[in-house]
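There are two complexes below, and they share subunit A, which is joined by subunit B in the first and by subunit C in the second.
Take a look at the complex of A and B:
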């Protein structure tokens, strides 16, 4: 692989180029959306193609590669890794970015000239997210985390004139910074304990832990704990989830799809790489704690979602419970990789689709959206209502939808790792969770008096976003094997 | 050419989708014409590769489309051999004619495009069934045709009887499907695959006699549902509530033969289970007899044909039971043509009589509906088994094969001959009451011949009815050998001497002629004989089997269902609602924690982080 080192960063290169080009084009043709709009979509698709290229290289090579910076002796450790993990994440992130961009088109229209900045921030954010999945170096994980987070803080507050959006952005920023700081402190403590920042290479954490018996593991344990807190915050696992409902409620609807789906993909990729791979020798220490976090997430997510009146808060708590379900796959160690990826890949499309429907109903920029505003959607726009129903059934985990397959995989891997009690909690909460997903569907198709019945017109691109989300949900729910074959190969180096 | 075989299935399915989506815009008659063309194209696409088989040079091929369930090794595969070829040609050929006929018959119906959509869906489903290369795919087709049958029987669902008939057909068929499912599980448990090739090649080595008997009995249970045998035949007479072309296509020519086809396909398994063969033969012949007796007394022209179908299916099942698989398939082929013709002819009569189905109110239509009369007469002679019409060859082959088995089968043969007599009787009765004598029409009815779109299919089917028998005469023109590749590994019954065959044929012919003469003498009189005797009434009521089922099965089931509903609403829902409101109140209690204040959130985050560190240190073994 002659220019493999370029392939390894192709995804980031495409997206960062895209972000710069978009801004430059925006200076010239800022109001002319038809010029730069397709450009942004194209860059997202190109990034997915770059991911595909990486994937094919990795599969042909039968493993993966990492790349060191030779001229910085003190940091003499690999910074970039290209393997099944990073390339699969690249494909999914590129596609999710594209669909989320389609879904946010109505907002872009409304934003006018500022839309250029919105789009380039989306591109930047996705690049940062992938960095988290494609590096073995804890500091680079942090850099990716911050790149994505800062972009998303801005996106959350982009419609700051709308009531609540500024509050959401500020909350997200303050709490997110706190979590990032804790993560960074964890990195520092881990470095102090092991003398390494990297998971791979000669002088790696992995090697250190397997060749040394840590007689006084306190520093290492504290470091692991703090990194865990930071990452759990990002994936909104309970009890580190409290920011999520408030931020979701205030942030512009159209930005949320990427914000939720993208961060989960990258966050879980980082958790899997750092803990399941790097701290594999410590699995007996961290796995029980992750299992408890998963339990709290499932229960809190489901219980709180039941009593929400706002669809966005409902989806936020549902996201908390989904974080719990995916964590059951993490608990299983490396046996849960394919479950995690299947769940993440399919959940991402469901989330983007669902938030796009929400933004169709309540407008792309507005904030609070009560569940009642979905009333009569079955009549106002049957297509959107049916697609939303599919997405809700998918999230609920009904057979023949992807959510079911994902849950079965996650629970199976947890059961294989002897966490049967976790599976029991997972199944029980799934059943309870059915209630609020069905509530959304019933609301859409109920025919109460006094409901506005004017036809709801939606833009073509938003329709596409929802159709893609629902199609993925059904197709891979009925025929999951092609995707399963792929995720089985999405392994870390 | 076999590469394109998937199109044979895909085209009708695609057309069904088109008609359901934009059928209204296409309107009448365009939606019907397109649907007919779709089936016609399917026929041509199947006929081109079929030439190889007819020329005797074809080899059976398996066409792999895609992997469906890799973990169970289920491939979406089509099997193209003489048996599936024959069925494909019948389904698409007869199907195309009936589509054409329906354009005239359904004229003016409000849901005209919907009707053709269902018909096309049926053709596609039936083709999935016959072309399947494994039991899993076959089962999909099996269920889909059941669905189509339900949709089409209750097509005029505003009529309560039609809606009820559709439901009845569906439920009764489900009972049979249960057998199919068990057979599928047993097959998978025994072989680890559903694939025909593997199962049939290894069955003699893998299956014990007991297992083979269990599997075949379950398959037969499925066949009694779909092919309307005792005890599950009761849905078929009611199915006549559907439009007449549906009766012709689904409930006479194709779908009801699916059970026979499925058993013929599984011939290797049936060969391994002689006990099943005896059961199948007895049930078949008993069904043939019972249905023939009931048909004798029916007054509704379609009911006569419905019971006649059951009776003829009994013959086919008898053929399977005695191991004469090609004979069964042969009778199925001839029956497909003459019974479709009879139904379409009956439809033409009903059309002419402005919806009247009661035979005592017909009569004297011979001159007014000449084409209908002539074509139906051909079918009449064919089903009665008069030389040289098609039914003669196929029915005699089955009876001869039964006779050849010897022993207890002599009794079955004798019953079969009696059924032949009764068949001649009730068909002659139908023809005489409808076409001869004087008109006993209601006031205001002015019979007229049907439009060309209806008579052309009649004429084409009439030609086939006369000629199709010659593909398999005792002169051995090769039909049996043509089907050989499909029945590899199945022992052929001993050859019979030509003298014996002809003696038996002559005997049945004499009996048949007797039946015709009997009915002719009885109904040719100017006054219809009063059929008021106790046996006539019992036969007219179908020996009240329906009432019996109603009292013994339906009523207790309903009571059980009521009980289940009460239990569910009172007990289970109470628990579920209780749990639900419990969880909900927990959520409401927790709500204030979500205060919205950044400070408190940061506090929670810090506390949770500290708890996590402490837990980690404790689990990890301290500082």
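Take a look at the complex of A and C:
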């Protein structure tokens, strides 16, 4: 009965198995990190392999909808979709999870026995993130969102006894749950207006909207707006970004890579799936709202990043502006998919690398991370300083780095959709944004006269994470074509 | 009692009112526990919406959705209360205004 398929959920199966196995092995091995550490890394890599398997399957057979049956009325609409979109998200999330795990290794060494739980929550969180990208059902999107969010609230508060980590966890939890509840009420109102929770299939929202006149357009509009607000909270787009700087500042430095990169990937995947695909006929309603949010994000992100003294708050506001740039691709509708994926895939690695450098310099736990703490890094550890410089130039969008290619793609798709004013704002804010990225680079290569600087020793795993981030930034900045060919095929069903 | 038929829209209006009360609670109240209770109220208003619409349209999906929401809410309570307890133990207060270590 039905069309259940193992391959469609292979990514989640690998990660959830990994989370359980890690906990069990942790009970036996305890503090012996050399046992379960490689295991967690292996599960992340295996999940990326599972994503690759899905990708090859989709490219060969075209993917499909799974886990539905006509026999049971509650299972009429499919629960899992496997397409280029979800399998590309799987590959990227698996790899980002792996690199973030490498970057967080120093923190796990310090956490001792509790580190098993930390790794396990990372695996669980990534599984939840992918559920958001790989389901046609709005309630399952919510469950994936909460699976990831609840795991990440705990990660943000993991070093709760020191400097603001508990405060970060509480703020993240209260505002995150508020956003989740708003998203869910949006789902319920959309259900009330259209009688459907499904984005694909015969009784999908799209089919209802094209064959019926909505009797309560106000309810549909409220539902769409609330879903949009909930997801904008998660990707920290302005004006829903206030939690981000505080949470980033208080959370453990080494945990942030996954928190930031993962949620952005899944959040944008969900926005694209729900609005660009599921609400395609309503694009004239939501696209202008998204364009306004993109504008506010770009301006607020850039202006506020200029005045920050804390490197993590700076990266938080830079994340707000990047959310704005990626939203310019969303505004373009289905024409912006390849731009969105290129930007997300490369930004994720940059951000994980940047937070790993922060944790190298200021320690992996929660600690004060003023920009001045980077002073003299060029002498203390030239390798880390140069790699960080590459990552900063990548985020700034200098030619021959991935950030530039991503921005060109996003702005081109927005211009094609007649949002030229949005492109103008994007270009202007990009130029202003150069200032704070260059400030970080200049700080790293300056040092006070006569101050003796101790060399900064860094662990192999953290070094590896930053090298991967910088390599992705340079390689796909100089030769973007291989990745461009891939993202062109990362399309929804 | 003629002419006073309780239709689905009554439930929807009640749910909307509960949701609004929840939002107001999160915005106005400063105690982390009360803010958290307000969020739970919002989730329950969503459940009411799901069930009422489900009954009205004759679709079972909404009722199933409300069960899932309850499970997720329970999971959220577990983590949320743990976080609030951790904050309270360290600071002997659950007032969010006193959490100002992180500027913003």
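Keep in mind that, in the parts below, the second predicted complex is superposed on the first by the 473 of 493 C-alpha atoms of A that agree within 3 Å, B and C clash if a C-alpha of one lies under 4 Å from a C-alpha of the other, contacts with A are read in each partner's own complex, and residues count from 1 in each chain.
Basically, a contact is a pair of C-beta atoms (placed from the backbone, for glycine too) under 8 Å apart; a residue touches a chain by one contact, two chains touch by 3 or more.
Just so it is clear, the structure is predicted and the values come from calculations on it, not from any experiment.
In the overlay, answer first, second, both or neither for which of subunit B and subunit C A:139 touches.
Second partner only, subunit C.
Is A:160 touching the first partner subunit B, the second partner subunit C, both, or neither of them?
Touch status of A:160: second partner only.
Can A:245 be said to touch subunit B (first), subunit C (second), both, or neither?
In the superposition, A:245 touches subunit B and subunit C alike.
Quick one: classify A:233 as touching subunit B (first), subunit C (second), both or neither.
A:233 sits against subunit B, while subunit C stays out of touch.
Quick one: classify A:91 as touching subunit B (first), subunit C (second), both or neither.
neither
When the two structures are overlaid on chain A, which partner does A:303 contact: first (subunit B), second (subunit C), both, or neither?
The first partner, subunit B, only.
Is A:178 contacted by the first partner subunit B, the second partner subunit C, both or neither?
both
After the superposition on A, what does A:435 contact: first (subunit B), second (subunit C), both or neither?
After superposing on A, A:435 lies in contact with subunit B but is clear of subunit C.
Looking at the overlay, what does A:330 touch: subunit B (first), subunit C (second), both, or neither?
Once the two structures are laid over each other on A, A:330 reaches no partner at all.
Would you please give the residues of subunit A that touch subunit B in one complex and also touch subunit C in the other complex?
Touching subunit B and subunit C on subunit A: residues 170-171, 174, 178, 182, 242, 245-246.
Touching subunit A in the complex: which residues of subunit B?
67-71, 580, 583-584, 586-588, 590-591, 593-594, 596, 598, 601-602, 604-606, 608-609, 612-613, 615-617, 619-623
In the complex of these two chains, what residues of subunit A are touching subunit B?
170-171, 174-175, 178-179, 182, 216-218, 220-222, 224-226, 228-229, 233, 239-240, 242-243, 245-246, 282, 284-286, 288-289, 292, 300, 302-304, 306-307, 432, 435, 479, 481
Per the contact definition, I'd like the list of subunit C residues that touch subunit A in the complex.
Touch residues, subunit C against subunit A: 12, 15, 19, 22-23, 26, 32, 35-36, 39, 42-43, 45-46, 49-50, 53, 57, 59-62, 64-65, 68-69, 72, 75-76, 79-80, 83-84, 86-87, 90, 96, 99, 101-104.
Please give the residue numbers of subunit A that touch subunit C in the complex, ascending.
Listed in rising order, the residues of subunit A that touch subunit C are 73-74, 77, 139, 142-143, 146, 150, 153-154, 157, 160-161, 163-164, 166-171, 173-174, 177-178, 180-182, 184-185, 187-189, 191-192, 195, 197, 242, 245-246, 249-250, 313.
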